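Just dropping this structure here.
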Amino acid sequence: MTAGIERPVWTRKHLLTINELSREEILFLLDTAESFKEVSTRSVKKVPALRGRVVVLMFFEDSTRTRMSFELAAQRLSADAIDFAEKVSSTKKGETLLDTARNIEAMGVDIMVLRHPAAGAAEHLARAVNCCVVNAGDGQHAHPTQALLDLFTIREHKGRIEGLNVAIVGDILHSRVARSDIRGLQKLGARVTLVGPPTLVSRDFEAMGARVTHDFESILPEMDVISMLRIQKERMTASGFPSVREYVHFYGMNRERLRRCRPDVLIMHPGPVNRGIELAADVADGPSSSILRQVTNGLAVRMAVLFLCQQAAAGGEHAP
Amino acid sequence: MTAGIERPVWTRKHLLTINELSREEILFLLDTAESFKEVSTRSVKKVPALRGRVVVLMFFEDSTRTRMSFELAAQRLSADAIDFAEKVSSTKKGETLLDTARNIEAMGVDIMVLRHPAAGAAEHLARAVNCCVVNAGDGQHAHPTQALLDLFTIREHKGRIEGLNVAIVGDILHSRVARSDIRGLQKLGARVTLVGPPTLVSRDFEAMGARVTHDFESILPEMDVISMLRIQKERMTASGFPSVREYVHFYGMNRERLRRCRPDVLIMHPGPVNRGIELAADVADGPSSSILRQVTNGLAVRMAVLFLCQQAAAGGEHAP
Amino acid sequence: MTAGIERPVWTRKHLLTINELSREEILFLLDTAESFKEVSTRSVKKVPALRGRVVVLMFFEDSTRTRMSFELAAQRLSADAIDFAEKVSSTKKGETLLDTARNIEAMGVDIMVLRHPAAGAAEHLARAVNCCVVNAGDGQHAHPTQALLDLFTIREHKGRIEGLNVAIVGDILHSRVARSDIRGLQKLGARVTLVGPPTLVSRDFEAMGARVTHDFESILPEMDVISMLRIQKERMTASGFPSVREYVHFYGMNRERLRRCRPDVLIMHPGPVNRGIELAADVADGPSSSILRQVTNGLAVRMAVLFLCQQAAAGGEHAP
C-alpha cells in the first residue's frame, strides 16, 4: 500500500491482526500514538477526539489490564466506554456471539473491542457488523495492540527497530503475543530469535522466518531486546511442559544471565509477571526492564487505534 | 387525563406499568422518543438534557441488553450512570431492598432503574423513595419500556396502531412482556390475539379483552403484526410445557408460515432469540423481522422515559 | 502541625488512617466537605475540580455502598472513575497487590481508593506508588472516611464535638470503624465510652483512653451520641460471641432504651443495619437516627478527601 497526497495512510476501520498491516501503516500508527502519549502526562488527561462516541468492551476472557487500558484510552479520548459484562450476558441464554454483537450495534455503538477465547473471533465479528472492531486478543491467534505497544516501546528505547536482534522467550506455541510480535518485528526489519524448550518452540517456527533455538545462554550476548513471555501456570502440568524448576533453570531471566547481555539490552514482558519464574524480581524491577513503560505505552497505542479506526469509519481526517 | 394549555401531558416521575398510562401519555412519550431517536444517528451522540443527573441501574436479575440500553440512554442524555452491582451488594448482608434504595437515594441519586424478580417491586420502591423510579421488569408482572418500544416500532412501520391485528405468540402465562404489550396495544386501539398451547395461553386471558387461540396456522393471514415471545428454556422441563420439538412444530415462525402471512406483516421478538425455536434463522434475519430495529428504538424510548420522568420530578419543561 | 500564612493546612496526598491527622487537619477537611455538600443539592451535581483526573476503585472486599459513594464523589468532581474488578483481576494469576498497583499507576491514574482485607494494605500501597492512595477500609485496622463522616454528622447535629459523650456499642474487637472513630473523636475532644460483651470489648481498650463498660443500660442517660456497630452475622457462631437473642437483649437499641436517653441523643450506625438486631426498626427510621444523613455526608466527605489529596499531590491550591 502506498500513500499519495490524496490517499490517507490509515484507511482501516478494524484492527484485527498485525499481519494485515503494512510497514507504513504500523509506523503511522506508532507516530499517532506518540502524539497521544503526551496527553497522558497532562493534568487534564483528555482530548475531545471521540466525544459522543461509544466504545463497548466485550471481554469474554478475563483480562483486567487490557480492559482497563482500553477503557482509560476511550475515556482519555472523551468517548463513552461501556462494559459488556459477559458473566451476566445473554450469550448464556443460547445467543450466539454475532447475535449479541448485532444487538449491541443496534444500540448505536461505534467501536467494539473484543477479547475472545476463539481464534478468528474478531474477524468473524468484523464481517457481521458495520461498526469498528478492535481485536484485544483472540485465542492463540493474535493480539495486535500488544505487538504495537511492544514495537512502540522498542522504538522509543532504541530509536529504531530495523536491524535489531530481538529474542522472544517462552511458550511460543500457545502465545498470541508471540505470533503478533514476530510479524510486527519482521515487518519493521528486526531479526527475530525464538527461544524455549523444543516442545514449546519447535523448528516449525522457522517457516515464519524466525531463528529457533533451545539454548538461551548462547544467544544472550547478541540480543538488543529480549521479550520474556508469560508462563500460563495452568498449562505447566500439561505434557510437553517442563517443571517450573526446570523452566526457570533453562529459560528464566536472572541477574547472572543479564550480566552476559549487552549493557543496553531491553528486557520486556507483556505482564503480569510471575516473579521468580520468567523474571527474577531484581531484573523485573531493574533499569533494563521496560515492563511498566510497556503498560504506559499500551494506553497511548490503544488511543491511537481507537482514534484511527473511528476516523477511517467516519471517513474523516486523520491527524490527531 | 386531558392536556390543556396549562397542564403538561406528562406529569409522572415514575414509570411503573403501562396500565397506569393514558393513551395520550403513551403517544406523547412515543413522540418524545422519536425526537431522541435522531440523536443516536449523529456522530456526537449526546444531548445535555440530564447533565449532572445520576441514574442508578439496580438490576437484581441478569439482563445485559436492557441494562446496556438504559446505560447508553443515560449517557446519551449526558447523565452519569452508576451500576449497583447486586452480586456484591449489601442485600446479601440481610439488608432489605427498601433499605438499600433509601441508602442509594441518600447519596443524591435522581433516577433508579429497577429490574427485580418480584412482581410489584418497582411500585414498592416508588412509595419508599423521593427520586424517580423506572421499572425495567418486575417478575412476571410488567416491563413497560419493552411495551413502549414495541408500540414505537409498530407505529414506525405501520404509521398507526389503531385497528391493527396483532398476535402475541408463546408463553403468555409467564411473560411480563406479553402483559405489558397487551395493555399498551389495547390502549392504542389494536386488536390483540394471544396464541400458544392451552397450558400457557388459557381462556382466562379473554378477560383481558384479548382473543385466545391455540391454532397458530389459522390466524396467520389476518395479522398485521406477529410478536414471538422468547421461550425460557429453563421452563421447558416444567409440566405444562410441550417438548421443544413439539413447540417448534406448532408455534415456531418459519418460512412456510411466513408465506401464509400478509406480505407486509411485521415479525417482532423482544430478544434474545432462540434461533430455530421461536424463529427460524432466515425469518429472524429476513426483511419482515424488526428485531434489531426494536433494539434501536428501545434506546430512544428509554431516553424519553428517563427524560420525561426527570423533568416531571424537577417540575420543569417537557420539550426535549 | 501549625498552619501559617505560607503553609497550607492540608499537605497529604494519601489518606491512610485517622491517627495520622492532626485536629486541625480534620477540621479543615470537615470544612471542605461542608462546601462540597452543597454541590449535591444542585440539579447539576457537578464541579469541575478534578476534570480529566482518574480515580481507580480497587475493592478487594465487597462493599457496594462505600464503592458507590467514592464513585459518585469522583463523578461529582468531574473525575473519571474506573473500576478495578478484582474478580477478574490478575491478582488471581499470582500477581501481588503491589505489582497490580504499579501497573495501574503506569496507566496514568491519579488516585487509588483501596478496600482490602489485610490490615496495613493501604500504607503498604502508598509506599510503592507515586499517585494518591485513599484507604477505604483495611482489614480490622482503619476506615478513616467512615470516621470522618461520623465526625461530620456529629458536628452538623450538635454544632461541636468537643466535650460530647459518645458511646460506641458492639463488636469493638473486630471493628475498623470503631478504631477509627475512637481516634477521631478523641482528637476532637469527645469522651468515648465503649460498650459490649466482655469478649468483644475487653478492658484492654482502656489503654486507648476510652471508658469500657459492659452495662449498656447504665450509660444511656449521659450520652450525647450513641453509635451502634454493625454485627457481622458470619461471626455470630464464633466462640466469644453471644447468641443473637442474647445480644439484642443486652446491646440492641430499641424504643425502651431510647426513652432512657437524652431527648436530643443522636443514634448512629455505619450501615447496612441488621434491623431488629443492632437497632429496632422504629429507632432506625425514627427522628433520633442519623443513618441516612451519614450516607449523604459520606459523599461530601469523600469528595473532600479526593479533592484535597489530589490538590496536595499536584502541589496546587487548596480552596475548593
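Think of it as A, B and C in the order they're written, each chain with its own count starting at 1.
We take it that a residue touches a chain if its C-beta (ideal position, glycine included) is under 8 Å from a C-beta of that chain, and two chains touch if they have at least 3 such contacts.
Given the structure is predicted, the values throughout are model-derived calculations rather than measurements.
Trainee: Could you give the fewest steps needed to travel from chain A to chain C through chains in contact?
Mentor: Counted as steps through touching chains, the separation is 1.
Trainee: Quick one: how far do you have to rotate chain B to sit on chain C, C-alpha fit, nearest 5 degrees?
Mentor: Rotation angle between the two copies comes out at 120 degrees.
Trainee: What's the call on chain A versus chain B, same or different interface residues, using the half cut on shared numbers?
Mentor: Different residues, largely: of all residue numbers at this interface, under half are found in both copies.
Trainee: Find the geometric centre of each of chain A and chain B from their Cα atoms only, then give the gap between the two centres in Å, rounded to an integer.
Mentor: Using C-alpha averages as centres, the distance is 41 Å.
Trainee: Where does chain C touch two or more other chains at once, residue-wise?
Mentor: Nothing qualifies.
Trainee: Show me the residue ranges of chain C that touch chain B in the complex, using the header's touch definition.
Mentor: Residue positions touching the partner: 40-46, 59, 62-65, 67-69, 71-72, 75-76, 233, 271-275, 292-293, 295-296, 298-299.
Trainee: Can you list the residues on chain C that touch chain A in the complex?
Mentor: Touch residues, chain C against chain A: 51-54, 56, 80, 82, 84-85, 88-90, 92-96, 99-100, 102-108, 314.
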